[in-house]
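Several structures are given next for inspection.
In the two complexes below, chain A is the common chain; its partner is chain B in one and chain C in the other.
And now, the complex of A and B:
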């Protein structure tokens, strides 16, 4: 974990330009080690998807990258080089994409071309990245990949609409691993699936990661899921990172009130049953952010200072936190106050 | 495959209904048009021709309508559509000599318009919001202009005044029709202006439809994924276009139905031979056997074209291949 695959510094994304631009992602900094799993959690509209689409330059208009750096390290040893994804030319990006960074989206049904057989998807990716000289060679690689994610090889001859949701998502995962990428970005890959399938896929992902050693950014709003899968967890709110820590630390001692709220909104996949409380209110509109801490209006611990001043993200070795109430255990105080 | 067979069955049924309607319609007309026709023509045509018209419409015959219906089908399968009153020739021979002109000019131009318009629309959709969008109002202007007017102005300006294109007609009157180079070259020369006029007046629809569909499809995840996979731009556009073209294919089947009314105008403006001109003359001269034959051919052509479009759609969109449960 000493060497990082991806280093992101002061990354910001706007929607629109000029006066009316909305800040979707503000000043995000993190680094991701080789074979490491970074979990990003947050509600809808917290900027977690915008963050990764921005980093991979897949952002659609009117999304604009305002500032920052995203250094991707590719290649081994002497052939190693650093590429700033945000500065890379269209051509460099094309050869980088999928070979080094691949993406899995939430809805596998819409992510697969509806009029093509699954096998074609594999064939195309391998062919355009110059792997597998003959069709038969690419086919056998595709068979290897779908077998790896627990599918029968005859699925390759099917169309996307002929597969179940879980099968489709497995196809997407196999496809994402086709070129042995250094980094796989998963944008809520299990959100649309039932709990049992979700469980299976998470287990599979963990196993595949151990075997193939790719790094992963895993986006979800389900914190309990991340605790099982991720090495590090980053919690985002209104486009900012509010807390970042090793997943075990974050789970046992969450320090940001928002993290606590998220944690209480989801039943853990394992362990005893606890009553769910959730977070009152809804996330703020990014075009009309409150003056101080964006979470203050929903925070049970908010003070006058929180309403007037934006808490900076204090970066420490084991944890980063953007909250004025960090001195004592937030969880205890929250329990008392509720 | 079962879906396709079922579709085919529907087409057969439709064809039967159309052919049957074609048989009954003249017989249901008030005032017995056939009798008045024969009365009007007496002396101008040979007794054999009168007899054949009578046979065809069952006038002055004492067979039952069901017997007539049976005879009608038997004749149909032998390619006998009766005798044209005004042209004194069998309807099938008149039609077969004229239909190639229509298919050759209007058919080719319609397919060309679809192909060009759709390709342009795909590009416009991809480059939406850029300067290429200015093509849309120009194309729409030409489509909004009544064809009769547009065609006439084109003949006047480009053929009569500027002499860029030959005058009216389908080929050089000095060329001998047949498989010789001079004749074929003149065919192409004479077809240019009508084809251009058809393209101008009909391309905008295809273009706009494809462009808007492209804009929608580009928003889909699989297009984003195509970019994320590091595919070249051409390939990404292909992915989007391949999906965006589906509604256009369905519309194309409908457009074939309008081909005939289009043929009438084009052939009139450019004094081009074909079914359109034939239809006009048959109507003006109350040539019922010919009209009936034309309607039959039109119906079958439209049905056939729709069937082709259906098969094409079936092949293009795998989702239509799964029969709906229950």
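And now, the complex of A and C:
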């Protein structure tokens, strides 16, 4: 891998403090290369959103960052410096945000100010970060940006409620790219959109990344979408990373039983219709996690050891995996058992 | 089918009166949210209605459940005509039940599951001494076993998947013939969705219910349904048995929909491009502004639903030309403006 934009080490987040604290993200470590797309897959409660809120310091109380480092590398060549996002002051964060890291959230309607025209949002971001001396200059940059995401420039004069869901999400993406950031984080940006619009936005994102070279963290529960978009995929369950691999590898040979289960949860669009089962049981509550592997109660391969010990994440070059049944025959055995 | 369908709708329409957006003093105009939809639900069959948000699929379900009064059209329960403008009676409620998308919103959070299930059992005239036993049985029919362990729990103590099963159990409590499920899995965790879908399929097979499955996810419709209808802007644009709609889509919109679904197993499929959704026109085909094949006729006249092969209906003037859209890779490059 080339040099990394973001290195995250042993990152943990709690909700609440003291005895009743609930660990939502446990010991997450990963690194993200320049222009790379990391996909994070997991169900609700898996900690995927908490992870990025924590990393970008957008986490609100009762969320508390318990440990870890998140080193962001900014600037080119001689001006290059490393910043620990978790140590940065509010003031530093303000200049980092938009310029180096930007975030696109699931609901663009709640991210945009309802009583402001779209153009004003662009103007503010550009002005704060010293882009464009005059209003006219900033306006022309804003026009450039919305055109880039396939919107007409007159959308800048509209209010958020006058745009469709897909258009609003495009506005968010254009804003996120306004200052050419090194890293763009997308938290379920297409989940609320219909599938045709989702397809358009995904195709656009791929093209924009090709052209502008930003790295991206893309969060979704839809594993098949990630396989198309991401270079690497990280699967989370109950706050932990359970598997990480190149997306093509993960798709062709999923090793963790949870990953296999997730893949069996989406009926395919082609081929014979075969009965599929999804995963038995329900995702655990973080406040009452089982002893041992959190997935064990739902896992067809769980042994006594799984019920008592938490499997560590074994990091190898091409794959990280947190499972005691790590032999490559897992998939075959699961297919037979289901 | 020789016997009459359990529930049949003919020419169902809903006209809402809306103000044009952003013009506070403009006059209200009629808006056809559902336009001339006919659907017939047979015993032991799952019928899927696929459409994006705003396609009118939920309004259709609510008209079938008679919680929204249709503006036009007729309803038939086992062949007997019902006047949908009359007040809904208990017999209709008992015959047709609606399961909603979000179980946390559709089940009263202040009562235990026991109350949620016993209330409809009592209202629908079951012997009071039998009611607790029936409630437990209902839970076991939706695979919440042992039933007793769930009866005294409150909704917030269950997961989304479990609670959606409770809401299906509640619908079953009145021994319905028809189950209408409006996006029953889209709010659930991905790993439990198939479980709920399989449950609906089993109920349909084992108890000869007629199930209407409303969804935006065409792959899940293909997985569960015997018949699939695709809706666009309030109209049925394509319908057929089994997997035909997904495997051999004929309407340009269905083709766009199918080619947009992420499906990494397919590698680089030919992908159809079309301009994004706009407000649909008042004359002509509603898909015409996005359709790469639209011509003068499409912009002037509303196409009718025609049978292109046995039990496969398509609403398109250019259905002959449309069959080749997906097969010719190079024909649709460039797309259009995105507004």
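By our rule, the second predicted complex is superposed on the first by the 326 of 338 C-alpha atoms of A that agree within 3 Å, B and C clash if a C-alpha of one lies under 4 Å from a C-alpha of the other, contacts with A are read in each partner's own complex, and residues count from 1 in each chain.
Convention: a residue touches a chain if its C-beta (ideal position, glycine included) is under 8 Å from a C-beta of that chain, and two chains touch if they have at least 3 such contacts.
Quick caveat, the model's predicted, so the values are computed rather than measured.
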{"item": "First (chain B), second (chain C), both or neither touched by A:129", "value": "first"}
{"item": "Partner chain in contact with A:110 - chain B first, chain C second, else both or neither", "value": "first"}
{"item": "First (chain B), second (chain C), both or neither touched by A:276", "value": "second"}
{"item": "Greater chain A contact set [chain C / chain B]", "value": "C"}
{"item": "First, second, both or neither for A:162, with chain B first and chain C second", "value": "both"}
{"item": "Touching partner for A:94 - first (chain B), second (chain C), both, neither", "value": "first"}
{"item": "Chain C-contacting residues of chain A that also contact chain B", "value": "162"}
{"item": "Complex interface listing, chain C residues touching chain A", "value": "21-22, 52-53, 159-162, 189-195, 198, 216-220, 222-223, 243, 246-247, 256-266, 271, 274, 276-277, 337-339"}
{"item": "In the complex, chain B residues that touch chain A", "value": "219-222, 224-232, 235, 239, 242-243, 246, 316-319, 322"}
{"item": "Contact footprint of chain B on chain A as seen in their complex", "value": "56, 58, 60, 93-99, 102-103, 105, 107, 110-115, 117, 124-125, 128-129, 159, 161-162"}
{"item": "Complex contact set, residues of chain A against chain C", "value": "43-45, 150-152, 162, 164-167, 170, 194-200, 202, 221-222, 224-225, 227-228, 251, 261-262, 264-270, 273, 275-280, 282-283, 298"}
